[in-house]
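Everything on this sheet refers to the single structure shown next.
Chains here go by letter, A, B, C and D, matching the order in which they are written, and residues are numbered from 1 within each.
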């Protein structure tokens, strides 16, 4: 147990000044979930169900593209899948036995329907629809070069860069054009594409973003997570490997290897936070890994307390693991209100002041007069955590300790996770004691880097060849960051602001 | 442990034939939560927050009425409080320092904005807005009599009967008219009313439905549950007593006792299911009572199993109690998808078939190869439970036992709980073994009636003077059921179908 | 040609200061058109068509009520009939072979769906829907008295007073109750009502507002104007007489005479402005009467000019008559833009400044270098007219004369016409020369009172027993103005402001 | 008077079988109006006003693009300009002192917001927005070639072809790129474009579609018609000449001549039908030309009748001219209902049967017992005309003659007018007598080709070098019809059907 990761109280918490009432800036957001199915009746309904299972990966908007043997159909909407892709009119418009779909989390600003995926283009040899999860680290650079050559972009979505590269490729068949395009892209991504005869899936060379292959009565299925296969009753076949392209046709599934072979480096945050607990990644249950993180925490940072309280919902499995590891009772000391909807989008001053209580409330019967250990998955800006700690004290807790099932986040992500700018990350601003003061906890502790690798079944991090990418904790970015290095990146992103 | 409440497997589960794909018919719904505040700046914003905390009691629609010293303002909307009562335009229209609000669950059919509460009427002496939680057992009978005397009803809401009785009262002041009105009503209810100078609260003679009094910096607050007081940072003062009317004015809170004194009989379902776990009723923590039910179950029905799995979210506290009582690990074997929204309102056939998975999915890592005990709060029609049991078996559970933290529901409710007709209640159709077969579990068990009373801190049910009303389990209805006895009840309910 | 009605230019026009950019304050608005049909297939579709033909009488909202032999159905919407009562879903909900409908013009403020007619009430003996055109001059007084007796009003519509009086009537059958109710009402109105077995029509004792009876293949039809009969291909049978109540059942049409017989006094504005030119009232073609007004104007106020220009659309028939009477060419010197919709509801400053041009533009080819005579139906506040005169001068007219086919409006209406307060009527503020200056015309002239009576086929106004009511010109109100005399009229109108 | 253009009755009218109840197929529709303004405060509000004045050229959708010195802003909406471009939020988003706008008529099928103009593209050297009125006769051919070269199209609008050609041009500055693009386009068009520093206007080499230049306090204005200049109070400067490109910058207006000089050939339909009567084209008042057509008709086809009745609104000026020429009274024998909105979009059977009366009704007082001459601007499919003739007979007309102020339409248009397929044009199906029978008139007559040229001030058509393009009457198409000659034209148009 190093000082860096755990420190006892030594002073009073600093006052909190922020107006991030909504708490939305204090969690991580992945941008997307993808799904595809080929050669199946009810392709669009199955895609809607698959996206519903992936809704935790993005709630802002969703889209489905289908091909009916003659025409492509595309529907894109803001809001939840269940609200938008359930009525008969919409679903009847999405004719066909092949479909891809996409659920996305909003990136700040310029949200427009134009940017909602899948995107579609009519190519020389027929149409193609594309959707992706993740981020291309050289997208802006490629975009500028394409514009110089006369390309017209209608969205600000990275997916359109892929489309334009496909459209401009000199290769003759669509698979070669697709491979030609992704060879020019850098970054972490899972891509699905639909052409008149093919469903294509691809995973970046390091396998940073996940993608699995399933089978539903002989129809191939692609999805970001196994929980989407479970949703539609499909069988899990295997993961798409890092750097692999799979092409599903009526003849079956064919695999391509357009990139040099190298070890995979999944983003470890898929285990920590993004994936649904009932999903399996690389053969490991996400739920079990999270519980194991709690067990590791129990070994690394045992605390003498009366009750273990998860910060719901993300902290529950690790809290259960910690409670089992320490033999301290696990109790629901915080109640989460799930009826938030678009809640209080333009809050009055009154509501703003009450902040955190919209989503979380103290269960006084559990915490009053108790020494409690709060367990959460990760600490981003610390604004929510500090309010929850204060709420626990208000409810009568005599001691409040906060443990995190991931190490301090000190670097931004560039592979599809919407992290705040580095200067807003709490761990980039303060040392451990500074963070503790900010949070106002009696003690604050983080699992060690090796601890999370152990929870994943390794002896620790292999620093020579890390088994995952863990750049948010270590700054060890696994690819070049082309756009970040290019200066004007930001300005060119928002040349056209359209509200439809 | 009687046979009636627990039976081991003796045969194969019967096939399930139902098209209740949405599962909505398989839970209980209370119709409403109420809130009121007097003499407070930002009265409407505080009311919106209070209703947000009570949203679990009704998600279909909500309304707020305010009085600004000169005019009444009324806004009623379908949908969540957070979606509808947060924008500045709406909230600025709701001027004033006194407000009442209402969140309601939809009763089937003829949903119209006209029926959303609060309702308002201009009386001779000034306006009055009224909202209630619960049900009047003689509302239809009174309605018919009022129509005979020339009253015009604009809604089919029971609250309007109260309004009409107030309007027709010969008493001279508004409090006497209000009391005159409720004296004519039978049933279980919590009422809030707003006049130009008064906030009025009332609880039925037996206190079937809950209502509490709080204080926010000197402003009186009324709410269905204490969690709404916590939400706005108000202090809990006391419960409104059964049969009590409280009148809040600028001079303070005055209490009236218009009914003969009798012992209270709260609906025990408030502990079992309706109230939020962090609320306190009659001094008892709802969370602790639910956990105690789990402990009672552990005593009454200990099962040799590998893991305790709650049916989320309602079964979680009882499952925790059961796990602590039996020392079997508590694990999240079922993952709940909260992104349902209005989900799949017009489902395709495909979606219909996948039914239960929209809300619940199996966490295979927890249940595969295990003997599991599912714990839920209650069993209504059994359709969801049977699908969850099947889902557990699909995920590899070797044994699936189902325990309920309430006795078999064999009677309908007439005090504001939307129970199915009696013939659709599983426990009214089958004996215990029949239910088990229908559910398909290896064993099925219910807590005893005395068990739930013990969980509430009593030695058991006092059959001479029951401490609660538990009519759904016992058929012991605490009041006359005037309308039920009258024959044409049903027909007259739907004389006008209007969609606005 | 008297000085009072026509004056040559003697000075420069005064500058206009008003911000009534929209011009809406400068026309008269009648509040409603009504329609009813009994015992006819497609009753709701025919009613929609009838209301479409009456749309000129009110564009803000419309409603239709039907009875299908078992239930009443009611649909009310803001907007045009053609936009709201054409889709199959709406029309299929409006089942039944009997229907009444209503198109209304908005009265300022508190517009709410609750106020859109028809209104419905469930009475002791069955339901009744009611809609009316016109105004009850003692509605507020009756309303207050009803509230005193315990009635609850859900709208601020006068129609609800009728409903409440019907509901409270001690008479035993519905026709007697209806007659009992209207006997208590004062004013000018045409009423239609629908019960389970009857379609009822009624016209006020003086026949101030119009109502006709038609026949469509044996089904009786009631409508505000004959153009609605033409629309659906129904035959005109006769006018409902002043003070007559007709009751249509399966047995036929029965007439009642609940009021003492007296001579009719139709509102002469029906000829001047409100009715559609292709309608016939009291046997006279509205178009022909308007043209005759132009001919009378030509006799009374001949002007030496080059071209006659109607102010479209209302001034066209009178202008044609004037052109024929003077033998000066009739030309479209003003082009009307009909694509206004809800046009420019929140205008920018720029748009506000351009005011009148949104609806009218000068046809320079017609007016440049010409002495023109503008002809319009009436002059209300004068704001539009003054801008049109200026527009004509800008387009090069050398002289601009303005003639009105009605006398100066010096009194407000209280029978359903939405006139500005008296002090805003131009003719109540200025003498003729003052008006001319305000308008900025070279001369300004009005037809004489006797002139409009001559255009209607009389030798002149019979001052002992006027053939029409012409109170806006003469102040000779044909009924008591109960509410106007009561002081607090205005305040009580807006006790509840609800926006649904 | 030749037989071809006029024939007396010789037989009974044939029965009409069509289900074109809405009549919409029986008028011509131009697709668009365009507007632009540079270097003016309130550019977007002025553009909204200009588009409002051009609303008769297209009511389905409208869009405005602005540049604020830093960013482009784009708003596109379905519906009327006045409904969509008047609220402060929308207008405040459209910042800047330069703007272009577009109002469009819907072409059948695949209507999507993507297709609403202006369209925008980010080019290498900065953004450009483009909108056009008219049609490119080689757009599909160019589109296919561009797709082959890797272009991605996001709309099916012809304007996007222009954008893509500009984007791909090798020229270095934006004006040269624009000229490079339009040199590749064939057809009839008026184009406006907005770049960061320039407002560009262009008219096709023959000047088929109109475009004028105005001046508002020093700010240059471009508009399809002069009535849009009048609307905003701008001064008319001159017409953009055929084949001219004008470029407005802060330095002033510069003219380019990228095409070989040739005589202009305006589409004569601008005089006959499309332009607003108060507009001037090529120095001639549209209203006066239309009246002159009536005068020509009076000379060519004098009929002995009692009354001249225009088919409103398009037939009014010609009818006035005909009445003046024949000295027969002009009367409003048909009343037009302007409250149609989206009227009766899904009509019930009943409404469908009543067809034509939704828009037109007979004014019996004018036509009963009379021999009437109906005058309209043109005859397309004849379905409406035949119903109006029947309606006149129903209203008691003893003779009904129909005269058209344009020759028989026997050819489709390919320059932006939405004509039915040739086989549905009445004049392409029948000879004059056949048409008369179809229409059911006592006689039917058309103005001669030379007659319309005379109405425009010429001695007749110069067949060697026609002063206008009149291809719909003569089949003399003034440009190559590249796409029409290419076979698969139609299929490729609708590869993607998206509803947003």
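By definition in this document, a residue touches a chain if its C-beta (ideal position, glycine included) is under 8 Å from a C-beta of that chain, and two chains touch if they have at least 3 such contacts.
All figures in this text were calculated on a predicted structure; none of them were measured in a lab.
Where touching is counted per the definition, subunit A and subunit B have no chain in common. Separating the CA-averaged centres of subunit B and subunit C is a span of 52 Å. The distance from the centre of subunit B to the centre of subunit D, each centre being the mean of the chain's C-alpha atoms, comes to 62 Å. Annotation for subunit C: no residues touch two or more other chains. If each chain is drawn as a node and touching chains are joined, the picture is one closed loop, every chain linked to exactly two others.
On the subunit D side of its complex with subunit C, the touching residues are 42, 45-46, 48-49, 52-53, 55-56, 59, 79-83, 86-88, 91, 227, 230-233, 276-278, 280, 285, 287-288, 316-317, 320, 324, 329-332, 335, 337-351, 354, 357-358, 361-366. Residues 71-76, 93, 113, 120-124, 127, 147-148, 150-154, 160, 163-164, 167-169, 494-500 of subunit A are the ones that touch subunit D when the two sit in their complex.
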